[in-house]
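Note that chain A is present in both complexes that follow, paired respectively with chain B and with chain C.
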Partner chain A sequence: MRKRLGRARDTLAANPTATAVGIFGLVLLFLVATPASWQTSTLRLAVPIALAAIGGIFAEKSGVINIGIEGLLIVSAFSSIIAVHRLGDGGATMGLSNLWWGLLIGVLVSVVVALVFAVVCIDFKADQIIAGLAIWLISLGLAPFVSRIVFGSPNTAGISRFGNVTIPGLSELPILGYLLFDTEPQVYLMLAGALGGWFLLTRTTFGRWVVASGENPKALDTAGVDVRKVRYAAVLLSGVFAGLGGAGFALGTLGTFAGGGDTAINGRGFIAIATYLLANYHPVGALLGSFLFAGLNSLQTALQSAGYAIPTELIRTLPHMSVIVVLVLVGRTRLPDAAGEHYESGED
Partner chain B sequence: MTETESEAETGTGSTAGSGQTGEARTDVETGAGPTTEATTSSYGEAETDLAVHLDGITKRFPGVVANDNVDLRVERGSVHALLGENGAGKTTLMNVLYGLYEPEEGRVVVDGTERMFDSPRDAIDAGVGMIHQHFMLVDSMTVAENIALGDEPTKWFGMAVDRARIDREIRELCDRYGFDVDPSATVADLSVGVQQRVEILKALFRGADVLVLDEPTAVLTPQEVEGLYDVLDELTAQGKTIIFITHKLEEATHAADAITILRDGESAGTVVPDQTNKNDLAERMVGREVLLEIDSEPMTTGDTVLSATDITVEDTRGIEAVSGIDFDVRAGEIVGIAGVDGNGQAELIEAITGLRTPDEGTITYDGADITDWSRRRRIDAGMSYVPEDRHERGLVMPFNLVENSILGNQRASEFATDGRIDWENVRDHTDDLIETYDVRPPDPDADASSFSGGNQQKFIVGREFERDPSLVVATHPTRGVDVGSTEFIHDRLLELRQQGVAILLVSSKLDEVRALSDRLAVIYEGEFIDVTDPDEITEEELGLLMAGQRVETDSTGSSTAESGPGIRPDAGETGDDAETNASSNGGRSR
Partner chain C sequence: MNSGSGPMPDRIRRLLERLIQASVMERIAISVAALFAAVLVGGVLVFISGSFASCRSGLDVAGTTFCYNPMQVYYELFLGALGHPLEGGWSLTNYNLATTLQQTTLLIFAGLSVAVAFRAGLLNIGTQGQLVVGGLATAVTVVFAASIIPSGFVGTVVLIPIGVLAGAIGGGLYGAIPGVLKAYADANEVITTIMLNFIAVGITSTLLSWQFQDPESNNPRTEPIPEYAEIPTVPYIGFSGGMDFSLLALGFAIALMIGIAWLFARTSFGYELRTSGIQPAAAAYGGVNEKRMTVASMTLSGALGGIAGAFWVLMVHGSWLENVPSIGFDGIAVSVLAGNNPLGVGAAAFLFGILESGSNSIGTATDVPPELVGILTGLIILFVAMPEFFRMIGTRYIDVRPTEPARTDGGRAPADETTEDPRGADDA
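Now for the complex of A and B:
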């Protein structure tokens, strides 16, 4: 068994293009073979996973493993809901819909928390994993706590969500039309984020510096680029992406924030980490990977509502179990060489 | 230039060690601070043909003066060697030039203009490029990405990297300097020699006119070193200026137009290679007379101590790294293994020392089959090991020397009774090691990480040699160690041999394995491509063997022995006369 898995893994690793085509094929098959409602639900559920994963890619590629991404999703989702609630549900402020203000504030809060993480990890040289866990645990407690103060309950009040935005012309296309061009703003953000993230990482100077900073920071330093600044920028960028994911998910998909237990985010940040590892740090790959996990999530919901005699607890583990299976199959992704390591300029 | 240099030589000859060992012409000026301004103009015209002038550089670190009033004058279009032992301050001085360190005193003059570099960026902008000893390359990126890193030309108003332009510029540079480097290759796939060229290209891409190379030959095979000399010639022919840091005398005399020697942070003079010799250089470096030749008297060997039969080892990736190697090491014998790093020597040594289980084959030690023995048992049986990677395996970096001194011996009865360590005793032992092996600074309570590489190495060697071993497995025992200490370690190895200890020596320094070994095996792609008598093979032949090319030799006993019953010594035939022939080209001298 182990041998066979290993061989499957080698085959996959040896043919990255084939693997990518395979995944893409599966996604296409999924699009064609499943009902439309399921597809749209998958896309909407993919938003926090995909955006958080893209954010995580930047942080980790730069050498800072941001395991606190789950926490960033929680704070941004929660603060966006509370912002909309405070500004007035359904209203507008200074000519901009309060939902968009909510999104901005959600992103801002996420960036602030990411900044704290960056300071602790980069300047104070804390262990990145522990700092990341701390970010998650703090967020996990903070959101329901504030919610209890404001709403008297760990769950927030509901708000009216983002509506569909239809792009004229393109929305007439078969399948892709209603999926990609007649959908909610957060889905557009996700698609733009994946493409923009890919461009930023592979085609710009900043992207190259991020990669160099994670692989060999000393090389970057001697080339005259400030590693500290690059890492700060990358971590803050992970805050932006995760913030867009969390706030977009809350404002577009959920319309409320449940603070009990694992909160409404429910481990999606951790699935995001698995997703980008699965995608080998490729932003578009992470988008496709998020479809896989979000699809399983929809499947789980569908199975539950269909009333199969399988314990719901078991069904609910489906996306998480699949993470393990997929990671075993794909094998260990090669982490950036300097990921998790502190860097100080001038050390000899 | 020649004038200046010869003056300098005589000048320093008389004032050596006084701390003001600059050139004769500048003796007056550097002598006192206040006069410096007045003199700037006086030799202003002389400076115009100097690419780099470091004037009275002093750099202090807490507790140490790394550079003490050092002068360095480098003529444009020349190759200038900066020679000195480890810790003499060579790298510090170059880091001052490169803007990594800010000197407490002194001036940095590049191209006739005084500069204050705050960062490498400033140095790069002023046309100074540095090629570090450990390449500053991102292995997973392509050649082009590495060369342009930090200096990428952009298009679309800075939105995207202009990759076409980078490729074009690299090709132009390659054409101009005769390099054969593919910009789209991934750095990890390139040989070390080519990676070095990528580093040089990186500096040229940034418009460097002065190239500083830190120990450029440390990682190269002899053939690659020749290639590097050609590159240096080509660069200087096109008006570039080269400064290279080295502690190897041969290199300095062979490749440089002028040599500045540093000792203990002070300049020990600048000389022209034609007007000096190795003994003089060594003496300036070390501050005393150094015996460069190794006298290894022929030994009568005893019983077989270590015997390896048909050893096959897979590396961590499951690829066969060692394929069916046989050999014996006898008491009182040094068996050398030469080879380019990564040809299986690491795995072979790990199998012998018990850090890795061989997939096939048997290892016997003093007649007992130890193939399945644990590392612990092997240590207890008297096997000493100087590991290749001193940070990874030789020392626990956050431990002090006292704690490090009994690594592997922590259960030995003289240090521990009933599971409790007798720290007083261990401390005495540490003091002995520090004194015998000249570990500096002699502070047993300092963390291992605070010592320089050379001193760490001396400490490890001491610990392992003083264990009273019957077999010493020494991998790169003098890597990163300066001439004086190298001499000492070599002497100790020969003493151990004299006492009847069996020694297995792996080194990438050809002169070292050739001079010390009684028999020399060359490993290539996991097999012994040849087993030779080190006195009968030239460095060139050895280099070719290391590159996998079998040489046709008539010499007895050194023909193909790869699949033989193991290497057998040609007892006694250590023709010492071969030494004189070879040493004319730096063969056996060290």
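Now for the complex of A and C:
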């Protein structure tokens, strides 16, 4: 039983075309068999998980394990809400809707925190796991701290969220139209992020540098590429993706940010890590994997509205339980060879 | 060191001792430096965030009003936690100091829990969940046992050990889960323990609403344990009963701390545990069953987390509350600051006890949100995690290499950097 999923995944990876057709068929089957409300809510709940996972792929592929993406989701989510609130809910600044300013500021804050993490890990050679945990714990404190100063409570005020953007023509398509072409901006961002991330990682020089920096930094260094710069870029990129995920989730789905306890992010950054391990660092695979956890997440509302008296607290932990099941079935994933290690140019 | 003390030349042993001595001193220096750096960054954060708050009086700089005074905040944080010893009418057994020592007690258990796993090479982020589960086990067991055991002195003597044991078993079993998953399915323990924290909250609140809710309370909590089952205070010299702190509990925590230090240093189990942490391959070669060691150390770690939960119930609240404070996460900070050394855990726990108790003083005496303490905790971990930062500062401004051991062996090559680094030796 053990590692069967991992082996199955390797078989799938060896036959990409067949895999793509198979997955597409499965997705179509799901779309026909499940209620539309569950599908749309799954797609929205997938946003933070998928985007954080794609960001995490870049960092880890480059050799820096970014376990702090949970923290990046938290800071981008609450800072985007605060920014919209400060600029004026429902208004626009310099011709751009304040919601988009909020998204930009959320991403910016996430990148700044990612920069701190990068400096600590790359230049000061910190233990990446411990530093990542520290980033998470700092964010857990920062969210209610800032909220209390601005709103007098650990929860932020509410804002009016992103509305649907309908693409004329395409939204009329059967089965997929209403789902993919009549939805909120953050969902488009997620879909574009997965495709863009896949292109960047597998089809560009930068992508090859990132992979080399994680697998064999010495070879990359010998080829005249600065490993340090590649790792910095990859970690900052994880900040951009996680920032889009956190801010998009807050501005499109939550509309407010609860900063108490585990915050409204509620472990989605860690679920993202399990997602990309399951997807074996494939950005599009991570998108599909995020549907699994988001689907379980949206089961909660679906079951409740169907009138089942299953305890909410238990249903809420379904995604977390499934993460453990997935990790057990996948077994150990092959990390990039130099992941977690420091690299010093000119070292022997 | 049972199997380590073979025929070893005196000269090498002296050198090793000096190396260890140097790394311990360096560790302490780094921890202290990290603490100061975190306080400094936190102070800047407090000062800047004051410009976003609204207040009647503050410091005006170029048209911006800065509402918060970091010095006042730290005064309240550190001295408020001791009950303001510099002000008049101070008594040693004051309420704030009692809260500080109460938190210290809980944090010793939580810090030991994290340290045991770290030393075995496992990152147990799940102490929080183990504490939540263990605490519920304690509360439920004691309430049930109290119905069949006579009250009064006998009840105290019987119920408290039963309660602590129940917490240890509950937390231990919950900690064993990620251990088994790691040993037999290769599931990364960092992610599984974090997930199990969320799952612990879900399971315990479901159990509470299903079976254990106190019908006489509107808050989500279990039935209160009888008063004689709470940890008794020491008469005459101790803190009064209303302060929810007992010197007996602190004494037990310190005894347990020394016990764990002894376990590490003097028993073969401790030796095998540490070897598994430093050199898993060498441990396996030396006959240590790696899988069993993983499960055993996670179980021990979970049991210590469960004991923290037991004392949270038996000493602080007298029942299990759904809203469990983040003692388990602070335990990570305690262990990291202590360099995963059981004896260091005591000092680090006292420091974080001050921070936790001082956050109450901040909340009452200033307008600064008490969540500042959570940020400081994260900053301390972050700074401890980057000793290189302090070494760079040290070599740049002080112009000494504090890490370089005295060279006694003449012409030999200098030690490899990785062996100089105490982190590599302690928590790889």
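Assorted remarks:
By our rule, the second predicted complex is superposed on the first by the 312 of 348 C-alpha atoms of A that agree within 3 Å, B and C clash if a C-alpha of one lies under 4 Å from a C-alpha of the other, contacts with A are read in each partner's own complex, and residues count from 1 in each chain.
The rule we apply is simple: a residue touches a chain if its C-beta (ideal position, glycine included) is under 8 Å from a C-beta of that chain, and two chains touch if they have at least 3 such contacts.
The structure displayed is predicted, hence computed values, not measured ones.
Once the two complexes are overlaid on the shared chain, A:274 sits against chain C while remaining clear of chain B. In the superposition on chain A, contact is made by A:208 with chain B only, not with chain C.
Of the two partner chains placed by superposition, A:111 touches none, neither chain B nor chain C. Of the two partner chains, neither chain B nor chain C is touched by A:187.
Of the two partner chains placed by superposition, A:50 touches none, neither chain B nor chain C.
When the shared chain is aligned, chain B comes close enough to touch A:216, but chain C does not. The partner that reaches more residues of chain A, of the two candidates chain B and chain C, is C. Judged by the touch definition given at the top, the superposed model places A:225 against chain B, while chain C stays out of reach. The touching residues of chain A, counted against chain B in their complex, run 199, 203-205, 208-209, 211-212, 215-216, 218-225, 334, 337, 346, 348.
By the touch criterion given at the top, residues 49, 52-53, 123, 125, 181, 184-188, 190-192, 194-196, 198-199, 201-203, 205-206, 209-210, 329, 332-333, 336, 369, 371-379, 381-382, 384-386, 388-389, 392, 423, 427 of chain C touch chain A in their complex.
Residues 2-3, 67, 120, 124-127, 129-131, 133-142, 144-146, 148-150, 154, 262, 266-267, 270, 273-274, 277, 311, 313-314, 316-317, 320-321, 323-324, 327-328, 331-332 of chain A are the ones touching chain C in the complex. Partner chain A is touched in their complex by these residues of chain B: 91, 95, 100-101, 119-121, 124, 130, 132, 136-141, 145-146, 149-152, 154, 158-161, 202.
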